[in-house]
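Both of the next two complexes hold subunit A, though its partner changes from subunit B to subunit C.
For the complex of A and B:
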């Protein structure tokens, strides 16, 4: 309780006495961030599969595996944050259907089981069978289990894999939209909180999710290529850069619209939000989210639309803008989740938030949750390396 | 002829079935929304339907209600957890506002604004509004927060998962996370006392009778008299929470 007494001294103006403690901390910042990466990476993958943007082929499997690695982790910070983590299953067994949060378990499971796992399985089944034949020991057993016993490699079955995988991806696009639009709705539907309550919230969350997911795959593609010592496919990278630019513009436009609308309507909450934005969120909103996460990447990627410099210059700049976008979107989540709790619902004052180092809500734990998906992804890349998939030519023949 | 009649009756049957099926589909889609409009439907008049009245003009800011609430309901003593508290609003001559609630009103109020600068000052006791369209009940993902048939918003602490969504959703700051139980906690209108025919603790201890509660179904209840004789207002009416806490003498500055 010590930290609350400390906090009591940092209260600005008047807040309701129950409002000193922030109820949703860094773990709830991570939740929309990680979920967003999933949705964004998946949408990038589906651009190749469904919208036939074949130049993106080198990143297709990487994007899918990234989405899966992050999705597996997405729910963990959420569950550990609960006062009673062992009661978490109640959301699934006795959901209260009027609650926006109650549906999350189902949306999550749908996305994990029906969309991602199925799509990846259809995509990899043939390779799993072949890998099982070629390898020995535990790896062989693992591949065998992953085939789920479907070892038929006749052209007809493989054609079905392709067809069913395609259908799953088509279903997956609205699912990805649902997954993240829905996360936005959890915040956007809270009428008590004027910083959250906005009909644009689900759309903004979705677009920023796409931005972050695309940036993440771009970043990972460059890193993985570097580690594997293979040449980066520049047309592919340029195409990703183009999409990142387009979605970033949309995202920036809608987020600005949201703010302009707030400022112009200047409702009851205007003064306190004005103070919030110019005070406690000053750096995270204007510098981190605005300048670092949006303006600079927009300028770099926009410049590439006008003039494409040499590969040697483009690569580090893509890397830089990808990383900046990732940082920017993280702070966007921060500004929503933390920012929305810093001001009192009496609109008369502010509480404070201090991110601790240790404990479940500390930043060490947050870093762990952020690093974990990369470890899982490395495992996936070791187990089912996209670059060792059997020649595509055989498929198309 | 007979054939035609058979055909037309078959057609009618199909038409009616389709209509019925359609109604069922639409009806089942609409039902959850209905429930959203009234989280707890005001039930048949077999049960009391409780509401609260607070007369700001009578409140002297003694803080007895806040103290009694903590004692009666085992609310943690630290100054961060309150089911019931008192705020002092001071409106200065220049129109600015000073609000305070030292330890929720349990500690003595000390007026910090010099008397010459005060335009007016008053106390506002706060507690759960026991809304009829409670945002907190709406958002609970497992249904651990619910409205009793008497219209009182309660939390099932054996069921609450501690996600704190309800705390975010309450516009009035009436909820907190119990530090030991790790579940949401809030005013129950002393449900345990009501069930025994006793008054809620804060009502019993109020020395000036500023608090009143009663059955909205009972036209002869003192609450009805209170509502009839005063122009009352609820907090944040624009949020349409169906608040059942009615204030007399509520200044527009109060949120």
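For the complex of A and C:
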């Protein structure tokens, strides 16, 4: 056991003993980040489906599959952090009904099973049946299993696919809001922590989730198009850029509002938060989250609203702003999760956070969980490629 | 009814049934006896070795140091706050030695100037300037009886 005095070296000022070591490390930063990507990607997909924004069609399936790939991984950083994978199911078998975190298990399951899987299934069922007929071997068997034995391709049944899928999407939008609003709520409802405790937290989390999800789909769409060597659908990309711009403005406004409110109220915690923001969070907040993640992408995307340059210039700039937004939102999560634990709740001192490389809480582990969704997505794109879906016309023949 | 639902609803029902059956078997016997946790875990936790064994345990073997400590201003401190956890030492003192830190740095953890700490609660000196002609604090102060000075 490490002697307490060794650890006191990382402390400035006065701090309670249980605050010296950060309980939540980089894996807890990843958890809201990945969950946010899911919610954001899904909301982008539903823009096409429910709000009938047809230009977004080329990214619809990609967005859904992205949401699924990230959702499958979303809880794994949590499980790793808790360190008892064999007890993880207990959150479902004996949930504590008054605990916000315990109910997350059900919110997650609802979203995975009832919303995402169902929507994708309705959407792909016809193609699964056709693919099963066309392919051989293992793939054929896989497609067959995925149809769940519903191989009826009569126009009436296919119309039902459409109708039921639509209903699921409509249910899915509030569910996606719930899923990520919930993550924000878990932080926002911790009243002992003035950096977290804010009613705006769920909304801010939700908006930054949408920002990151949209940016992720934009980025993936460009990468996938490049790998497939097909032309990028520029009207679609412009439309995504437009939405990204709009949500980014909203997100920026609300986050600023939250801070302005804090500064103006200047409660007793203000002084320590002021020191936190100007000290330990200086770079991650002002440079990474503010400048890189918000101001520069806003400037680029805003400029495109006034004047659309040539395709050749737009494409790399979209790519750049997408990536910058993704980095920015990651650091937003970082600033919330890590920042909230760096200062003492006595408001009199600070501790330090050292990010290790190896071990369950190291950054190699974090990178692993961040890369895994891309591998899962590649598998999905191989198994059920959106671009090989059968066009409506083929069906009526 | 659309054929999709004819399949999905039974699948859902089967899923829920499996969940309920699994839940029945997975919940431990003693769960909920006292509260929202497994009551048997209390005994398991109680059986874990304690790392800090407390002043009274040290006193059994080190009554002179204990008497010294209690005679002066450090009487409020426990032994292990300075010497570290003593559970292994107690079982085999020869093999498991405890640390005896008396350096400026160590005493400074509690006594160094710190504006966030009130001087009325703990007296503070600047470890960089306070009597620097001797290297360590315990070259003058006796750690157990702090006002018993060495010349």
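We take it that the second predicted complex is superposed on the first by the 382 of 397 C-alpha atoms of A that agree within 3 Å, B and C clash if a C-alpha of one lies under 4 Å from a C-alpha of the other, contacts with A are read in each partner's own complex, and residues count from 1 in each chain.
Note that contacts are C-beta pairs under 8 Å (C-beta built on N, C-alpha and C of every residue); 3 or more make two chains touch, one makes a residue touch a chain.
Because the structure is predicted, anything quoted here is derived from the model rather than measured.
For the composite obtained by superposing both complexes on subunit A, the positions of subunit B and subunit C are in clash.
In the superposed model, A:16 lies in contact with subunit B only, and not with subunit C. In the overlay built on the shared chain, the residue A:122 is in contact with subunit C alone; subunit B does not reach it.
By the document's definition of touching, of the two partners only subunit C reaches A:150; subunit B does not. Once the two complexes are laid over each other on the shared chain, residue contacts for A:190 go to subunit B alone; subunit C is not touched. When the two complexes are overlaid on their common chain A, residue A:84 makes contact with subunit B while staying clear of subunit C. When both complexes are overlaid on chain A, the residue A:47 reaches neither subunit B nor subunit C. Taking subunit A as the reference chain, the count of touched residues is higher for B when subunit B and subunit C are set side by side.
When both complexes are overlaid on chain A, the residue A:96 reaches subunit B and subunit C alike.
Shared-chain residue A:161: touches subunit C; no touch with subunit B. Looking at the shared chain after the overlay, A:8 reaches both subunit B and subunit C.
The clash between subunit C and subunit B in the superposition falls on 117-125, which is one of the stretches 9-17, 117-125 or 135-143.
Applying the stated touch rule to the two superposed structures, the overlap between the subunit B and subunit C interfaces on subunit A comprises residues 1, 4, 8, 13-14, 90, 94, 96, 348.
In the complex of the two chains, the subunit C residues touching subunit A come out as 2-8, 11, 15, 19, 22-23, 26-27, 31, 36, 51, 81, 84-85, 99, 101, 106, 109, 114-117.
Across the complex, subunit A meets subunit C through its residues 1, 3-5, 8, 13-14, 89-90, 92-94, 96, 113, 118, 122, 125, 148-150, 152, 157, 160-161, 164, 348-349. Across the complex, subunit B is touched by residues 1, 4, 8, 13-21, 23-24, 81-84, 87-88, 90-91, 94-102, 104, 186, 189-193, 268, 341, 344-348 of subunit A. Against subunit A, in their complex, subunit B makes its touches with residues 32, 35-36, 39, 78-82, 85, 87, 97-101, 103-104, 126, 135, 138-143, 159-165, 167-177, 179, 181-183, 238-239, 255.
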